[in-house]
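In the two assemblies presented below, chain A is common to both, partnered first by chain B and then by chain C.
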Partner chain A sequence: MNHGRARFIVGFLFFPVLLYVVYVIWPYLQTIGYSLTDWNGFTPEVPYAGFGNYADLLKDETFLRSLYHNAVILVVYPIVTILLALFFAFMLNVGGRGDKAGVRGVAGSGLYKTIFFFPQLLSIAIVAILWSRIFESSTDTGFLNALLAKVGIVDPQRPLLFLGETNSWLLPGIPFGDTILDAPVVLWCLIAIAVWGGVGFYLVLFSAGMQSIPRDIFEAALLDGSTRGQTFFRITLPLLWEQISVAWVYLGIAALDFFLLAYAIAPPSMQATGASHVMSSWIYHTAFGSSRYDKFGYACAMAVAMAAFTFIFALIQLRITRREKIEF
Partner chain B sequence: MSHTSLNRRTVLRRAAAAGLLATPAAGFLAACASSDSTGDGNGGTAAKTKDNPFGVDAKKNLDAVVFDGGFGQEYAKGYASLYEQKYSGSKVGITWSKEILTDMQPRFTGNTAPDVINNSSPKTLDLATIVDQLTDLTELYDAPSVDDPNVKIRDTLLAGTIESGLFNDKPYTLNAAYTVYGFFHDQTLFDTKGWKVPTTWEEFLALAENAKKEGIAAFTHQGKYPWYMYNVITDWIWKVGGKEAIFAIDNLEPNAWTSDAVKTVIDHIHEMLGKGYVQAGAAALDHTTTQQAVIDRKALFIPCGTWLEGEMAKTLRSDTKLEVSAQWSLTASDKSPYGTVRAAAGEGWIVPKTGKNPAGGLEFLRIMLSKAGARKFAELTKSLPVVKGAADGLTGSSQFVSANKVLAAAGTNVVSVRFDGWYKDLYTALEGAITNLMSGKGGSAEFTTAMQKAADKIAADPNVKKQPKRTA
Partner chain C sequence: MTTTTSKHELPTASGPVTTTEKRKPEGRFLTGFSHVFLAVWGLMVGVPLIWATVQSFRSDDEILHQPLSLPTSWHIGAFGRAWTKGHIGEYFFNTIVVMTFSVTLSMLFGAMVAYVLARYRFPGNRAIYYLFFTGLVMPIFLGLIPLYKTVQNLAAMLGLSSVIGLNTYGGLILVYIAYSLPFTVFFLHSFFRTLSTDVAEAGLIDGASHTTLFFRVMLPMAKPGLVSIGLFNIIGQWNQFILPNLLMKPQSGFEEGKFVLTQGLLNLVNNSKYETDWARLFAGMTLAMLPILVTYLVFNRQIQAGLTGSITK
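Our next item is the complex of A and B:
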């Protein structure tokens, strides 16, 4: 009996685990191995180099600037996305007008859900084209610039550069060696795109969470004369804590990654100035576009450092948000 | 957008470990391949004759990888059909690539390299990393040409072609197209307005002021891709300071970037920007948008190379007459005369040793260098092939005719720059400095300081191998 069960489990797990080991675990281990070498990425020989690559990381100003950019994203992106998604999910599920009996979302909530979720369906290439048109630095063809020019905020001779703007916004730049720790406009544009793309997913996640909260709790609150705001803060938010905590970890990991946006949407000119670089895009740049003879090994060391940061972040986040689970 | 752990892993793998997946097997394969067991080196199996100098097996297929870019696909398909006509039992499979480096790296680490590669595109293979796996093309250049078996291929090529593909003094790259760089304009617009192409800075300023009155920007550039302005700036440095100014930069000499020549060039560009002669917002526009601005007659000049007409073919007006001209003089005391241009054999082709049909790879290039192949290339891409006389008498394209003229006028005053290939980090720093300059973040002081710092850093970096000093 026991023997049959083991075989059953092994039968199910063998191929997924094999795939996972070959395509995930093994490359991870290889990356760690290569981070200790002076490999250039092409030769069959892989010269061992010890921990020198890791020491170089601390001297790499662009890496540290990229790390700072990641930190800015880590603070802004999850908070904005979660707040928006929560707000929308609440309005779509619970926040309908209180003039009729029952708990429901605002009128047309089905349509809104579709609209908010839509960016999830687009590939990064389409997103890149779409947003480069929106942000284009021309008052003739750029959506935002044309709009702002109509209102008279933007001079057609000086369109806003958006994805081509290196000036720091909101946060003052802190000079750091030959570089600067800053939050360039191009980075904010990328964050805006990420929020636009992410809100729909978390809206669906939170909606599902809200729908699993028993209706009678909301109805009881309504009967007691609770306002929308009170319902949200006293009932919805505490009972959604688990979903929010999961979202926080997901978004944090996405913020530490951010590769597709920094690589595919930030133009090469911004990548050259370093204004749009995050760790992942700087790793890519180093691995394939650096003049170091040990570029691949060095990039692997960066990747290992990035993985360590992500791991630490996830641990901290899970610890902070740990709460008792409420069973309905 | 990446928000799930699955996407994240996908991305991480691409970012940090692209190509590594193939390496466990590559280790074993490499051990066999590097022992060089192929004997005669090209893997040919048929007898070598004058008509088939590399002994190509007519039954073997050919695996070619070609950059899918401004030249389009037709020209390479033309080579393939010429090859298939000659070796009727074979098929030439062309794989199109937008980024040769990204697509080819796993095939080099995995020892499954194709037979011939068009090493062009925004990301090319760095020869230093793969040179051991490439065929020395001396064999190709010494082979009889397709059109006349008594003439060697090397004697059918334009001067400088073979030299442009040397690495460690051996020819590994065949550069197949002669590209002329410079400022492009629409001659039809100039004719209707009665304007003349300027040859001096003063003439340019006068023209720019006239154009401004008509709402036309005198200059634009492909802001998202600072590479185009890199050409403009280094060409002007060569022109103002002579070739020694560029050699100093190539050789990472102290104060090479703070020379008067560099300052003069940057000051003039800064002036042009300050006076509003540059298309608004160009600093963050892409190449097609700004190139289209010239075709739409919203801008007069754009820096580019002689692939422009082919690249913009779909949106040209019926009366568009794109012409290329040399960059105008900046001062009366420029060290190199007006007419100095950048022209180079480019569009490199390489033949990996480790392909299944390297003899076929060489033969593919030999056919490409035939009169028929080269002429087809000229007709389809409006670019100059490196084969002597292959494009004579072609008049269909204004760009083509003007490029021929510019090249003849330049004589020996041809610009070439090395540091962009030698020291990629210095080149990246230049792209950054150009972006800052063109988006109004400072002038020559900021530019020269930033560049000198970057150059000094590389000169002192033990992780960067230095190239022998450039003297010519």
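Our next item is the complex of A and C:
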């Protein structure tokens, strides 16, 4: 068996592993290292700061607000996306007419899936162009405002601001020290865009899960006189638990990131006031924004904190959702 | 979800019925009900996309004053303007050049690592596996800030600043590969594990080298897995924004930024704030969307299965 086995293994692993360590692992370690310094990003000397940067996190108003924004997204985004995706998946697979031939999905379910899934494939640039036009605060150029003005809900003189709205009427702000933790309308708009893009993906995921549940279970339940609602809650939901928990973990990680939306879609004015910032966009702004150009070490500390939150979340989520796997 | 209750009441309202009779009206009602909701969501996804596509055929005057109506006459000039003046052609070219190398090499390296880790026992195997697993769990943001410096310094150290430094194809290609590796390795690892060992052993007894065996036997056998993860990488890298936005910027006033498509499009958005050419922007968006749409329509099933399957593995 040993035709230069060792040489083969090393030969195959060497370059890819090197590449990965240099461009992925090494920057990770550097971030952790720099988070303990007050390095400004340019000078050769790197002043050691201990855990000072981490202590500063608690004094950084924008960071605290951003963290709260992430928390709001973490609650709302996964729940809404999963509920919608489950609902649609159930409609597609069991919503059709149940007759002698058994339970069926609605007609055209393939077409629906194809359409619903598509936003998942769009790049953030396209999503940004699309939605900034839809949310444009003018009844002349904005799609939604024009639509609402036509129906008569919106006064053309006073179009809705959407992405430019800092009012937090949906979830009143909570005072925390000197800061007010709020969830402005712009944040809800961003969540709506995320849901719009995500539902199709999880729909397909759940739909595949539902199809792997044997048909006769549904049919037996229906013969026993249970309604669709009952079959959904008593059969589908428990048997889909694995897919749902995976979805929850992925959506949660996405909610803690949320960079693309907060960076590419939130208008600059919102980013300047911090109304739309989440942790990631605030990190990026701190590290690369021209107004805070000497905060490299501090930005690294925020990045480590963000990674820690993500890690803790994933760990908790996996613990909560772990259940015995049901094999068919 | 409140409608679920009304659904229960509907059949019982007509008095006691046997289960078989009862199922029909309920089913019919539910079907209609399903279609309404599904159609509404379908419109919410489809209408904005179609609306934006139609905008690219209209004049700016129409776009600005009648956002909802159809174009009175169809102009295709915006597409030409987007391609040349909006630099979409150039961005396309940059993206294609980068991806030709990055996708191919991500797949090759990923398959090599996954294969060795899945099929050979040696000290350090688990350690390397978990090293790649780390990259899978950690947010890209953890490494983003020093990555910029790493790319810059490494290239300078090797004297290759114009090849793999900032704002070069080579630099972006290497970074794309490195960031695609964890997922590719992880996915293909479980795939190689499921392949039968008999063929491999027979090959080795016949005197084939380990390398020949990999390229001639194992790689072709892993084709379905390679297609799934390949599509995943193509879509992921095509839409990648954070990495190019960090690395592909002009480094001095004399240099042009080698923007990729996503980045270039957003650049177009920012420029359009100064010189408004909305039709051009929408046309650029349509052009950028087209390849993904075509790929999606052709590989519809594989993409849906590959993308969703990849997260449950």
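In this section, the second predicted complex is superposed on the first by the 289 of 328 C-alpha atoms of A that agree within 3 Å, B and C clash if a C-alpha of one lies under 4 Å from a C-alpha of the other, contacts with A are read in each partner's own complex, and residues count from 1 in each chain.
Just so it is clear, a contact is a pair of C-beta atoms (placed from the backbone, for glycine too) under 8 Å apart; a residue touches a chain by one contact, two chains touch by 3 or more.
A quick note: this is a predicted structure, and the numbers were derived from the prediction, not measured.
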Combined model on chain A where chain B meets chain C, clash or fit: clash
Which partner reaches more residues of chain A (counting touched residues only), chain B or chain C: C
First (chain B), second (chain C), both or neither touched by A:163: first
Contacts of A:253 with chain B and chain C, given as first, second, both or neither: both
Partner chain in contact with A:192 - chain B first, chain C second, else both or neither: neither
Partner chain in contact with A:31 - chain B first, chain C second, else both or neither: both
Which of chain B and chain C A:141 touches, first, second, both or neither: both
Which superposed partner A:49 touches (first chain B, second chain C, both, neither): neither
Touching partner for A:115 - first (chain B), second (chain C), both, neither: second
First (chain B), second (chain C), both or neither touched by A:225: second
First, second, both or neither for A:171, with chain B first and chain C second: neither
Stretch of chain B, among 8-16, 224-232, 314-322 or 404-412, that runs into chain C once the two complexes are superposed: 8-16
Common ground on chain A, meaning residues reached by chain C in one complex and by chain B in the other: 23-24, 26-27, 30-31, 34, 119-120, 124, 132, 141-142, 201, 250, 253, 257, 259-260, 280, 283-284, 287-288, 299-300, 303, 306-307
Residues of chain B touching chain A in the complex: 1-5, 8-9, 11-21, 23-24, 26-27, 30-31, 34, 101-102, 105, 108-109, 123, 126, 129-130, 132, 223-227, 276, 280-286, 289, 422-426, 428-429, 431-432, 434-436, 439, 441, 453, 457-458, 461, 463-465
Touch list for chain A against partner chain B, complex: 23-24, 26-27, 30-31, 34, 40-44, 56, 119-120, 124, 127, 132, 136-139, 141-142, 145, 156-159, 161-167, 178, 194, 197-198, 201-202, 250-251, 253-254, 257-261, 263, 267-270, 272-274, 280-281, 283-285, 287-294, 298-300, 302-303, 306-307
Residues on chain C engaged by chain A in the complex (per definition of touch): 1, 4-5, 7-8, 19, 22-24, 26-28, 30-31, 33-35, 37-38, 41-42, 44-46, 48-49, 51-52, 55, 63-65, 67-68, 109-110, 112-113, 115-116, 120, 122, 128, 131-132, 134-135, 137-139, 141-147, 149-151, 154, 174-175, 177-179, 181-182, 204, 207, 209-211, 214, 235, 238-239, 241-242, 246, 261-263, 265-266, 269, 281-282, 285, 288-289, 292-293, 296, 300, 303-305, 307-309, 311-312
Complex contact set, residues of chain A against chain C: 1, 3-6, 8-9, 11-13, 15-17, 19-28, 30-31, 34, 83-84, 87-88, 91-92, 95-99, 106, 112-126, 128-134, 140-143, 146-147, 150, 196, 199-201, 204-205, 208, 222-225, 227-229, 232, 242-243, 246, 250, 253, 256-257, 259-260, 264, 280, 283-284, 287-288, 296, 299-300, 303-304, 306-307, 310-311, 314
